[in-house]
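Here it is: the structure, laid out below.
Chain lettering (A, B and C) follows the sequence in which the chains are written, and residue indices restart at 1 in each chain.
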Amino acid sequence: MNVSVQSNPHTLAKGDTLLAVENVSLAFGGVKAITDVSFDIKKGEIRAIIGPNGAGKTSMLNVINGFYHPQQGRITFKGETRQKMRPYVAASQGIARTFQNVALFKGMSTLDNIMAGRTLKMKTGLFWQLWRHGPAMREEVEHRHVVEEIIDFLEIQAIRKTPVGKLPYGLQKRVELGRALAMEPDLLLLDEPMAGMNLEEKEDMSRFIIDVNTQYGTTIALIEHDMGVVMDLSDRVVVLEYGRKIADGTPAAVKSDQKVIDAYLGVPH
Amino acid sequence: MHSLYMVLIDPFVQMVSAPDLFLQTIWEGLVAGVLYALIALGFVLIFKASGVFNFAQGMMVVFAGLTLIAFQDLGVPAPLALILAVGVMYLMAVTIERTVLRPLVNQPDIILFMATFGITYILIGVGEMIFGGEPKDVNTKAFMLPQGSLEIPAFGGFVQLQKIDIAAAIIAALMIGALAFFFQKTRIGRALRAVADSHKAALSVGISLNQIWVIVWFAAGIVALVAGIMWGARSNVSFALQVVALKALPVLILGGFTSIPGAIIGGLIIGIGEKIGEFYWGPLMGGGIESWLAYLIALGFLLFRPQGLFGEKIIERI
Amino acid sequence: MFYREAGQYKTSYPSDMAVFPIAQDRIGIGLILAAAFIFIPMVASDFIMSSVMIPFLVFSLAAIGLNILTGYTGLISLGTGAFMGVGAYACYKLTTIFPGVNIIVWIIVSGFFSAFVGIIFGIPSLRIKGFYLAVATLAAQFFLQWCFVRIPWLYNYNASGAIEVGTRTLFGIPIVGPNATPEVRYYVLLCIVVALTWIASNIVHGRIGRSWMAVRDMDIAAELMGIKLLDTKLLAFAVSSFYAGVAGACMMFLWYGGGEASDAFNINQSFNILFMVIIGGLGSLIGSFFGAAFISMLPTVLKFGLPAIGIPLSGATAEHLIHIMVGGLIIFFLIVEPHGLARLWQIGKQKLRMWPFPY
């Protein structure tokens, strides 16, 4: 594991590189999911990752998270460079994410799901947990305050105690966002947060994403298919096709890039 | 120092110094392995085609064997008893499909797995009530199964092979060949594999889940019947067999849950491994290590190759 | 009309997060405890104590243990019987070597031995899931069972191979052994069970319980949120085996008073506890009690209840009937209510909140 500290991670300013992937390649057996992709994400920006189906977008997020380990390439996060990320390291260093197919804990309520997101921040040990009343309870209340703020922010007070399995899809996605926010991440990875939503829900979700970015300063990387959302929300866009990067730049630049247009129209090459 | 020698060197010395005994042990292991493989085969059939891990397979072996013996005891001639027993297994398949599988059709696999615990217990209760709890013998003469043994000279001594065991191996091989052919080459076999992959997708192309399940549980029932006969012919059929049948689980872990050749090879490896372990290392530990050795072997495998020798590597996607 | 929440406002987070937020529930629990501590010893005969209440309590404890592992964390275990055995033998050895120390202390300490063994057999669980894990726990079950028989040191080189329980006292009253009355044993057991249930409830309602459920529901997401899978799973094995071990020690010392242990801790016992947890409700502490009550009382009910209403039943037939009924009930519950009796209880309470109105 190479550790080359390029800058003190705690003094990254807005505009500095928060995350960089260099020459990452990932294959499953014979299937090449990602081939030699490099891009960076700057602190404080909203970065969109787009591309036709099968382009390797979710795989890319999985690599950043540490769920998949690339065969080649390096990941630099907050100044530390690694061959591969480990999930615990990614989480504890401040990377949170939502999933394409909502990965909520279906057996628990909204409140418990979001409280689960606070697990990393909860420190009372097994001994105090046995008695509940005392330090463990104080910690629960402390984190409950934070979670309630998130619940207020996402306007999901009414479904606080509802088991998430019973919620409609749009609300489930919102709860999942809440759970990710509970981790107070520096980098938030959103995998198709608008999928399956109607116009109103998309507007709500977009508003939340922008608010998270502006109010909390969270850097956001988002995979999205809705071009309107991508153009409106993102500062920069990276385009993948068949596992390779074909464009990288501002939304306007990418939109008019011929390679991107060809990719989406399915022009064979 | 001495104990290290006893564990690491001496068993091999024993193997080499009495090779006929070693071969005999291997043969015993092979025989046990064939029977394990037959039981595992039933598991694989059901798992391959319905995704259900049928914990009741062992009990089905016992039940099938006891049914056959019951018919024979009633004086029914052997071929007819066989057909009747097959009929009973068919009825069992239909009943299970209707009362257990159909209501649980979209539940997660774990629920279906637990439901097979329920089936096991019902079979135990019904079996005890109808057949009584004592071990029963299979009338092997009536089935024209060979008696006696062969002695093959080897390495200065000889190896004794029971003819019934040879017959068991041959019958097992034939059955496996037939099943493999059935799965790969026939239309129904293809439908079975489709159902194993996705119930909903199979339904959407018009495959009748209910029919498929009846077919596959019936097939597993026949395999169970054969296993019961073979096992009963060697010793006897009793409810204790149900626990022995649990040995099929390590077989499945070795061979992979969805592979027919895997079940065979896994069965043979476990059978031989067990017998050799018990014979050469068992005395060092006070004996009786057969009760857990197979599971330990399987556990070791799980740690290094969770999908078994032949299973498909599971790639999790999120 | 009496089970309403109206007017009960929660003005602080701690009161909202209480285990029994509704006042009527608190009264209910109070009544149950009163019944257990006062009422039952007054009215129940020695026979009911020994054959119904004591087994029920022992099994409840074991069921809580298995529920923590399988119900809350989603790790199937077929080795509960063996872990109970570890507790029993640990207690036996401890009280043989240190007879002066109070037996209750040893009963609790033997849980730690069981927990330790549980951790060892839980280590493979990081890479193995579902049915595969069940097979790994079978390895534990058969191996430990073999140990119980083949390691004579465990049963003090007795000729019978059985655990022999001498008299142990607390404040001068025999609580263990041939002189201990069912009443005394019941009280000791009840105190142990109530205390350990309270602790289990505390664990399960906090951070650790949430981590377990997260691992059960979606372990990948849990891992990516920073929940350490191996630590969480091993803790589940440890706590679960602790409860099973204490239950096993209680079984030998407070219930059986010694005896042939290989029957009490075999694979059938493991299945027994698993069925209690399935029927009672996976992931529910109260479900563990329901399931334990159901399965432990069913044989007695059948043996005495059926002849009482005129259906003659031999002991053996009752056994067979029980097998069929248990099997049938498992399938029934899995079809109708996979969350077991606990969910039916919850639904019942929901209806009670509306009563006498239909909706």
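Here is the rule we use: a contact is a pair of C-beta atoms (placed from the backbone, for glycine too) under 8 Å apart; a residue touches a chain by one contact, two chains touch by 3 or more.
The shown structure was predicted, so the numbers you read here are calculated from the model rather than taken from an experiment.
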Legend entry - Chain whose mean Cα position lies farthest from chain B: A
Legend entry - Centre-most chain, if every chain is reduced to its averaged C-alpha atoms: C
Legend entry - Chain pair bearing the highest count of C-beta contacts: B-C
Inset, instruction - Report the inter-chain centroid distance for chain B and chain C in whole angstrom, where each centroid is the mean of the CA atoms. - result: 33
Legend entry - Whole-Å gap between the CA centroids of chain A and chain B: 48
Legend entry - Centre distance in Å when chain A and chain C are each reduced to the mean of their C-alpha atoms: 41
Inset, instruction - Please list all residues of chain B that touch 2 or more other chains. - result: 318
Inset, instruction - Would you give the residues of chain A that are in contact with at least 2 other chains, written as numbers and ranges? - result: 67, 99, 103
Inset, instruction - At least two other chains touched by the same residue of chain C: list those residues. - result: 220-221
Legend entry - Contact footprint of chain C on chain B as seen in their complex: 53, 99-100, 103-104, 107, 109-111, 113-115, 117-126, 128-129, 133, 243, 246, 249-250, 252-253, 257, 285-289, 291-292, 295-296, 298-299, 302-303, 306, 316, 318
Legend entry - In the complex with chain A, residue positions of chain C that touch it: 12-14, 17, 199, 201-203, 205-208, 210-211, 213-214, 216-218, 220-228, 235, 283
Legend entry - Complex contacts: residues of chain C adjacent to chain B: 76, 124, 127-128, 130-132, 134-136, 138-139, 142-143, 145-146, 149-150, 220-221, 267, 271, 274-275, 278, 316-317, 319-331, 334-335, 338
Legend entry - Interfacial residue positions of chain A with respect to chain C in the complex: 65-67, 87-88, 90-92, 96-97, 99, 103-108, 112, 115-117, 119-120, 122, 124, 126, 129-132, 136-137, 139-141, 144-145, 179, 183
